[in-house]
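Naming follows writing order (A, B and C), and every chain is counted from residue 1.
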Amino acid sequence: MFPMNAWYVACTPDELVEGRPLGRRICGERMVFYRNAQGEVCALEDFCPHRGAPLSLGRVCQGELVCGYHGLVMGCDGRTLSMPGQRVERFAPIRRFAVQERHGFVWVWPGDADRADAAQLPDFEWSGNPEWAHGGGMYHIACDYRLMIDNLMDLTHETYVHATSIGQSEIDETPCETHREGDRVITQRHMAGIQAPPFWQMAMRMNGMDPDQPVDRWQICRFSPPSHVMIDVGVALAGRGGFHAPLEAKTAATVVDFITPEADGSIWYFWGMARRFRPGDAELTARIREGQGRIFAEDREMLERQQLNLQTWPQRRLMTLNIDAGGAHARRILDRLVAAERGEAAAAAA
Amino acid sequence: MFPMNAWYVACTPDELVEGRPLGRRICGERMVFYRNAQGEVCALEDFCPHRGAPLSLGRVCQGELVCGYHGLVMGCDGRTLSMPGQRVERFAPIRRFAVQERHGFVWVWPGDADRADAAQLPDFEWSGNPEWAHGGGMYHIACDYRLMIDNLMDLTHETYVHATSIGQSEIDETPCETHREGDRVITQRHMAGIQAPPFWQMAMRMNGMDPDQPVDRWQICRFSPPSHVMIDVGVALAGRGGFHAPLEAKTAATVVDFITPEADGSIWYFWGMARRFRPGDAELTARIREGQGRIFAEDREMLERQQLNLQTWPQRRLMTLNIDAGGAHARRILDRLVAAERGEAAAAAA
Amino acid sequence: MFPMNAWYVACTPDELVEGRPLGRRICGERMVFYRNAQGEVCALEDFCPHRGAPLSLGRVCQGELVCGYHGLVMGCDGRTLSMPGQRVERFAPIRRFAVQERHGFVWVWPGDADRADAAQLPDFEWSGNPEWAHGGGMYHIACDYRLMIDNLMDLTHETYVHATSIGQSEIDETPCETHREGDRVITQRHMAGIQAPPFWQMAMRMNGMDPDQPVDRWQICRFSPPSHVMIDVGVALAGRGGFHAPLEAKTAATVVDFITPEADGSIWYFWGMARRFRPGDAELTARIREGQGRIFAEDREMLERQQLNLQTWPQRRLMTLNIDAGGAHARRILDRLVAAERGEAAAAAA
């Protein structure tokens, strides 16, 4: 129940260690990733056409993927290049997947590689921009990918799940506004004249601001299909314009979330934060990363238990309140995309 | 395959920690337990009506159960009391379960709460009686609840499973007698003029009796539905009347067993011992508890492996010997109760 | 998908500890093994006819198998001998399995015991021969037994899976020859004038040969049903006749592999080496065993991951190249044996 013809984050470049291919299941497909001799990332089915060994148990020799069982050398296009003592011209090819490397991530298109369009990759203000710094990590979570979208599109949960870091009662008390822009969904909340919660007090201090000053705080959650959620977050000195305040009066960042289904019921969750203050401060990057890691671990427990509950009561309908509007819109968009892919598949079969 | 309209032990009061709800699956139902502002134990479905989060991940604030995901406040009757920023009048209610606190346990009725009858709770001589002391523990065991009833209603297994503590060959050599009293089943064995086994020698010594004296030993297993087994056990100086001997000539106790199905194939096993000697000796209570814990761990291994075997050979019929009469009677009673519940359900549906 | 009327290795004699029966599932059958009063190994269904307890949780008293639950005493023929307080004449018998002890192993025939023929047990030159020494171990591996046969009948994998011990590129570069002799399959490869790889250099050194001399190396894999693979391996000084070289010019051994299906998708893998040099050197035996243990652990990882891959893509056909001829012949023989058993079963049922 996820679009296949879409770009998902597959891994980070540092996961592609010299000589060692990376096996990862994405959208139900077992894939192997590695860099070829040109340094380009390749993605193939993780299945040697000889006897079905996982190619990810092999190694990368001078940019070629070599099966670790009997030495078959696989080409980037899924055709066997060679195998000791064998003629390989008639070997059945394996699937290749379209891959792009951008914004500090490796992206994969699990569906039809011929339809993969690099122009559909999202753009980000923070990417490659020296005024910004970015850091993050990855969690495997046993939940449907839409539960994580719901989570990120309804931040009232911060008050309860993250009470000691970014939660505060004003989130609950401030209504949110949700609207669509084509296939994008935006949910936002602006809190005026409040005290910053612990995480933001720390950030203000690091940014040279007085953490005890009253602030205007904002959360602008931006969903785009299949499952990217960018959240503009920050605080500005009260009355200076909030999200639109001048740089010197605010501490602003973007929570960067890429949600990649492993298969039905589990995800690779790439989380992180891009910030617009002290971009060169690596220690601050590490500190934020550590704080985010703790926060998202709190979400992980909740989401995995919620998933178990929904499997126990599969028939029960959930409620969609105003705070759930962002997730609900996202689900409708995803339903339409999945239905369209199925329609195309049925038409192609007919 | 268990009665739903019956009282089962759900937990002990000390499992209900201030502020923290307790999640436990009982008879296939996921439940959450907590104390409300009046100090009464409440039991509800462990499912937030908003988005299905387990309420047991939340907290109890001033006696109200608050969902840990988005702050919904749930009432003891399964109706939502409030939620930040929401009108909750039309929120779908969740199931509540009837609960009683008695005899040092929390009891739950997994079936129709309106039919729960506190008068059906069992009574025990040892409960609240200063002449008795009670201690025990709880094990999770991966077996059908009827295998544990069989186990407790046929104590010949003590000779083999518990050879080093309470087993002795005289158990095997002494026939047992089984009879029914309505829906109760009693199996008893009286051994005359024997040497006490190690556990009972320890107990005699603690009770000021000479452990080397010949004794009359008894085991009177009392099953009552759905799955309570009280076993009168003890030793009296030989020829003094056995079970009916005067207090000063015997060391007597009741093994207290409440078996609560988690779902088909697994149980929460609440075990313990109520004794009528040295009731104020907390150290003795701890020592007995430790000994019982070791003994029931031996049963656990046997029962889990027996369960696996029966799943491997589901078609094979087991034998019912005279020693199995107690368990066989109990199964017939349970079959009848379950069939009656199904008949009612079918009649209600028609 | 394995022949049932065949001899498989069940365990080694040292696994049959005095007094303690051994439970092991073989070809889908849960079995219990023990020595009777005559010292003969017996194999029975691991299921007490009384209440289904696993007999392997019991004990062996003076050569009789006693159930650990209620003391039923089981005879070697599957008939109950006695039970405290019971008449056992009408107790349903359990299955017995034919067993033989030979070549330092316990063999079991999971099919019809009446058809078990000790004359069908294989013979080995190294067994009971003082000129040879034998050592080995056992691994549980989660793969179809035929994947292990494939592995052992195609040693080109040594170059990749065992690159640091017995692999070398000359294996890949030298064609192998495969032929059948009735239901046996032989695949062999002879490499002339090469450098010995690390394992064989060690062996040559231990055998008093100069490890830097060029050698002729051979690998002669001999499959016999149901799943025994003996591999003659070794090196001789170059030009001295290879496999047929006189003893003083070679270092020769047999890799001894017995593959016993636990059930579909997992095996007990008994591996070892019989060698014809320094048979009395127990330290060398231990050292070879340690080296083999490391090597077969490399196979284990590959085979378990291959199995997972084949389960993910059950429809996909594998390739059968010339190097796979040994495994392919073995599979055809096994298919024929299994089909014949099914035909007999269908005829018997009709």
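By definition in this document, a contact is a pair of C-beta atoms (placed from the backbone, for glycine too) under 8 Å apart; a residue touches a chain by one contact, two chains touch by 3 or more.
Source: prediction; values computed, not measured.
At the interface between subunit A and subunit C, two copies of one sequence, fewer than half of the residue numbers in use are shared by both copies. When the CA atoms of subunit A are superposed on subunit B, the rotation angle comes to 120 degrees (nearest 5). Subunit A and subunit C have Cα centroids separated by 48 Å. Multi-chain contact residues of subunit B, defined as those touching 2 or more other chains: none present. Listed in rising order, the residues of subunit A touching subunit C in the complex are 30, 46-47, 49-54, 57-58, 66-71, 83-86, 91-92.
The touching residues of subunit B, when paired with subunit C in their complex, are 150, 154, 156-157, 159-161, 169, 172-173, 175, 301-302, 305-306, 308-310, 312-313, 316, 318-319, 321-324.
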